[in-house]
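Next come two complexes, and both contain chain A; in the first it sits with chain B, in the second with chain C.
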Partner chain A sequence: MFRYLVRRFLQMIMVFFATTFIVYALMYWTGGDPIQALAGEKPVNDVLRAQLTKEYGLDQPFLVRYWNYITDLLHGDLGNTLVGRPIKDVLADAWPITIQLAVIAIVVTILFGVTAGVIAGIRRGSIFDNTTLVLTLIVIGIPSVVLAPLAQYLFTIQWKIFPTTAGGDASLWDLLLPGIVLGSLSVATAMRLTRASVSENLRADFVRTARSKGMPGRRVIGIHVLRNSLIPIVTFLGVELGSLMAGAIVTEGVFNIPGVGYQLSKALTTEDTPLIIGIVSVLVVIFLVANLIVDLLYAVLDPRIRYE
Partner chain B sequence: MQVRRLAAWAALPLAVTLGLSACGKSGGSDSGSANPNGVVSIGIAEPQFLSPSNTSETSGSQVLAALFAPLVDFDEANKPFEVAAQEISTTDNKTWTIKLKDGWTFHNGEPVTADSYINAWNYAAYSPNKQNNAYFFDKVEGFKDVTAENAATPKATTLSGLKKVDEKTFTVTLAAPFSEFKSMLGYTAFYPLPNAAFEDPAASPLVVKKDFQDAPIGNGAFKIKGAWQHDAQVEVEKYDAFAGTKPTIGGAVFKIYQNSQAEYADLQANNLDVVKQIPTESLSTAPGDLGDRYQTSPASTLQVLAFPTFDKRFEKPEVRKAISMAIDREEIANKVFQGSQKAAYSFVSPVVAGYRDKTCGAACEFNPTEAKKQYEANDGPKTINITYNTDGGHQQWVDATCNQLKANLGVECVGTPEPKFADLLTKAKAKKEIGMFRMGWVMDYPSMENYLGPLYSTGGSSNYYGYSKPEFDNLLKEGSAAATQDEAIKKYQEAEDILAQDMPVLPLRFGQNVFGHSTNVKDVQMDLFNRVDLNKIQMVS
Partner chain C sequence: MTDIHVSSPPTVGGGRHLLEVKDLFVEFHTRDGVARVINGVSYHLDPGETLAVLGESGSGKSVTAQAIMGILDMPPAKIPSGQILYKGENLLAMPEEKRRQVRGKEISMIFQDALSALNPVFPVGWQISETLRTRAGMSKKDALNRAVELMDLVKIPAARARIRDYPHQFSGGMRQRVMIAMALAMDPKVLIADEPTTALDVTVQAQIMDLLGDLRRDLNMGLILITHDLGVVADVADRIAVMYAGRIVEHADVRNVYKHPAHPYTEGLLDSIPRLDSKGTELATIKGLPPNLMRPPTGCAFHPRCKYAKAVCTTETPLSLDLGHGRTSACHFAKEMLDGTLR
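What follows is the complex of A and B.
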């Protein structure tokens, strides 16, 4: 187990450097003109341009810039945004909100998706199964750019149930509707996955054996079927939590939630390269850790899996 | 009950307190009277900076307009009148004497003095300070000495043209006479700074404290409440010791939105009082949603199509005029922009004094038959292209314009995309073959001169097409040296008429403020700089 962890850790370091390098290279080669992006439509005069180019180090060669960035990063300095705000502060403001939102979304997914999936898997072909099938099909078909504004319009403007937008200092109540919207996008996938997994395991040999031993039905499903069905779902939820952390760009935009997705989309429109790379670097770490946890959970769920 | 409780949650706590105080005051609801203690909420984007010398976009300048009072403001005819200044006078348009009003203080109690202005302006102009608005001081004597190319250190640290006379008076000497200097003083760049803004107010060059912009101390009608909450809001409240005209509201909350759709949704839910620009996606439904709370007013921006003078195909003014007449400006303004921009028939914007409608004359009227006749008689090119930048949502109208040219002139026309506006300008400067190209102009100071000088004078800072005409340059010079503003305007109007004959660019559209407000406010007006006028807006009680 220890050796496995060390190996994974070394891999993670390599992946981290490779991804930050690729992102940095992409941002560099796609060019762009952050100085003009800041100024908008107005032309930037040469004196100011020269000063800003020097300040941001835009005149340095690529490898020098990447090297400077990485050395700063290893010293815990994520740098400043183009308007001079420490990226550390931006992220410190954005993460807590996005984490809350992601947790709400995952809870919604588990509560509705996994539960409905288990019921549908056990009662295959029933009315419940068919209705949820159709419903999930519809939800899968609606992209978040439609679902989020629609939910906002219906539940906050038409019927004033939820707050329209969250804004700064968002409370859990402010984040509830966006969280549900975000979660409902993965509810469908989680439900389908659970249903398939459960119904497959119901026909497995060990379930038949358990049944023929005379084990009570609830115990068969609770211990044998569910636990074995969880492996694909945990993988899915682990990866999903990672992407939810990456910030739901659309949902955070629609509900004006200043989380990571909001910052990322702002950074993209203003071509704020340092901020984009700062966010992505942290995201890479989160994805890597989430993946590691998922892998470790396999061993817990299925004793046959051992890491050496 | 359930719904009511939830609705209360949904509203801003602020709105709730407002409602309560309003009820306590008048009891019966008289929708006509205003609540002088009301706090309005206004949607903005996250400001880039909150510093007079560095703020160049409307969100930041909206906040600064609350915190600072300008030397001059503009009346109904868009002419400047004194606010923080007692008197602004000159005899030769070159040396301007600015006398400040007595009794004005900054929010920290510091008196506003001549030094407050001199220090702020010196800081702004000094090029190593990298202030976005440094170029506003380029008309002041000594600007060259505080500016260095290639990020070097300049010769001088202060503008030689700024001189203190006494505590409340100072003079500004310009490098050349400029009759419109008074109009320039209304902009953000010319606000004063208190001593508290600087690390050491006696140092030279001056350095502004890094955290000053988190809670700027101004001389305006409102002071900041707490600090700038990034990506959330900036809140301001009435400054009781303000010596100028007292505002009609108790304060304002500038709520920050990244997505304009979210901002509009909050307006629909009546959670937000003013949306300064209704998003394009909602333009078609907004008049229905808001009724008479949907409003438009002219904005200062101008969109044009420019002809590079180095492109021989467009050499004849007749060809340029024919192209102009083949474009149906109204159709594009209404169909593509849904009224969020307005067809332009003049070279200067309606927001400046001296604006006249239809100065472009017949050459800008849509007249396809005459256009085709003239185009063919003058041997116009068989294929034309319009270069545009893809990052500003220009493709649709460029394509529409091309389609009109195809249909009305019988030519081939394509849009040529460039990723960024800067790329387009680089190619224009290098005299590459780019065909016609789009240009946008954002006003720096409300004067006709600002729509003429930088764009069409020989060597003008934004004259990317290389237009040059001695008569035009002379008229501008005469205008800048004119004894009165009215005389200056006359000269500028003559200069504009030359443009109408030559058509170096085709005026296409003026910007429009398309804004909306909630049922909680009234008298919502936009000023010349596309900001909500906080001196006029009122809270309905």
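What follows is the complex of A and C.
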């Protein structure tokens, strides 16, 4: 177990350097002119340009700039945005909102996706099963660029159930509709996964054993089947929570929620290279940690898995 | 705990059996049609007795057992007629809740592949003690202590130390012992063993068979041993019921069967056991395949594979012929077979 953890940490460090390097390199070669981006539409004279180039270290070779960035990053300094605000502060404002949104989405996923999946798995071929199957197909088929504005139009403008946008200091109620929209994509996947897992385990030999032990049907399903079906579901939810943490660029954009996804899309449109790299670096770390937790959880749920 | 109240009078002819299957029919309704997998099976079992049910895959031996346990999936399975009497009471007429009380407590079952038959995510102690906790109302601690006793009973070494181990941490033979311990938890009167040794090494097979024989004797249980291996039943079984295409083709004391088979199918099975003294000669086999139960052959279901088949075999289904001493054979020429005059 200890050796496994050490190996995983070494892997994580390598993945971290590789991904930040790739992002840094991509921004370096395709990022356009950062000084012009800083100045906006105004022309920049040569004196100012030379001064800014020196100030931001833009005259340094690529590898030196990457090295400087990484050493600062490892000291906890993400640098400043182009307009001079510490990136740390931007993230500190954005994270709590994104985390709330992600948690709402996951709760929605568990509440609807997993529950419906269990029922559909038990009653395979029933009306409930077929209806949810068609519904999930539709939801999977609609991209969030369509789903988010559609939900916003129907629920906030047409029927006026939820507030239209969330804004800066959003309450849980403000975030509920965006959370549901964000979760609906995982609901469909979670339902399919749960259904497959439950119906597969229902046919397993150990279910026949439990029945021949005289266990009542609700115990056979609630304990023997469900405990086994949870293994892939928890794994999926863990990875999904990780990617929801990355923020939902579309959903946050549509509902005007200043979370991580919103900041990232803003940074992309204003060509704020330091902010883009800063956010992506932190996201890489979150993904890596989420994946590690899921893998460790997997061993807890399935005793057959042992890490050496 | 609901006790099984014996209400019906003893059957005609004196002794009532512990378990009695009477003229059982089972069919499977599938998209392709109806497969009649059990066609009038009758057998009985008394306390402390071992009945071996023998047959190829698909002969209906496991389906009969699952019908007794009440764990057939219905649909697709359907039981159009027949009775399964336990202590004189028809299990098939019982409401499900009452039937459930019989399972595991009165009649228990162990399966072929213990690795898949045990739940992979629960420790063996938890699984053995599950019925004790949920059905006998024992405390967690008492139930686990009883589980250790049961594991000792089936001769699992260092039982107490292994109570928290998971099924995959045991060897095949030990896993089957866990399975047996679990089946014995509620002191059942009948134990059905469905090919308990098929998935095991030959040396381990013998140990498990011995264990089952000892437990049957010590606990005075009735044991139904389902197998396709004539070799394993010789030492353990009292009686043998040979099944073919959903029927019992021969039913007799184990000695009689080995000495003088009264059905060509039984003879074929006996001839296909490898012998040391026939080294170098080709092993006899039964030619052909078991019939498709969607479209069974006319007459005797075995006639396409029978080396003695005559014209009558293709048209008339043989009835079960009483040959005396509790022996029956469903062959038109059973008497000739016993005389040795059948050619």
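Please note the rule applied: the second predicted complex is superposed on the first by the 301 of 308 C-alpha atoms of A that agree within 3 Å, B and C clash if a C-alpha of one lies under 4 Å from a C-alpha of the other, contacts with A are read in each partner's own complex, and residues count from 1 in each chain.
Simple rule for what comes next: contacts are C-beta pairs under 8 Å (C-beta built on N, C-alpha and C of every residue); 3 or more make two chains touch, one makes a residue touch a chain.
The model shown is predicted, which means the values in this text are computed figures rather than measured ones.
Undergrad: Taking the superposition on A as described, I'd like to know which of chain B and chain C A:228 touches: first, second, both or neither.
TA: second
Undergrad: Could you tell me if A:115 is touching chain B, chain C, both of them or neither one (first, second, both, neither)?
TA: A:115 contacts neither chain B nor chain C.
Undergrad: Thinking of the overlay built on chain A, is A:45 touched by chain B (first), by chain C (second), by both, or by neither?
TA: After superposition on chain A, A:45 lies in contact with chain B alone.
Undergrad: Output check: A:126 vs chain B and chain C. Expected answer is one of first, second, both, neither. What do you get?
TA: Neither partner.
Undergrad: Looking at chain A, does chain C or chain B touch more of its residues?
TA: B
Undergrad: Is A:212 in contact with chain B, with chain C, with both, or with neither (first, second, both, neither)?
TA: A:212 sits against chain C, while chain B stays out of touch.
Undergrad: Classify the contacts of A:301 with the two partner chains as first (chain B alone), second (chain C alone), both, or neither.
TA: After superposing on A, A:301 lies in contact with chain C but is clear of chain B.
Undergrad: Touching chain A in the complex: which residues of chain C?
TA: Listed in rising order, the residues are 69, 71, 100-105, 108-109, 111, 113, 116-123, 130-131, 134-135, 166, 168, 179, 182, 186.
Undergrad: Give the list of chain A residues in touch with chain C in this complex.
TA: Spelled out, the residues of chain A in touch with chain C are 204-206, 208-216, 219, 224, 227-228, 231, 301-304.
Undergrad: Spell out the residues on chain B that touch chain A in their complex, using ranges where they run on.
TA: It is residues 3, 6-7, 9-10, 46, 48-49, 56-57, 127-128, 130, 132, 134-135, 147-151, 229-233, 255-259, 261-263, 265-266, 268-269, 271, 301, 392, 419-423, 425, 440-442, 461-462 of chain B that touch chain A.
Undergrad: Touching residues of chain A toward chain B in the complex: what are they?
TA: Listed in rising order, the residues are 31-33, 36-48, 50-55, 83-85, 89-90, 93-94, 149, 152-153, 156-157, 159-165, 167-169, 173, 253-256, 258, 262-263, 265-266.
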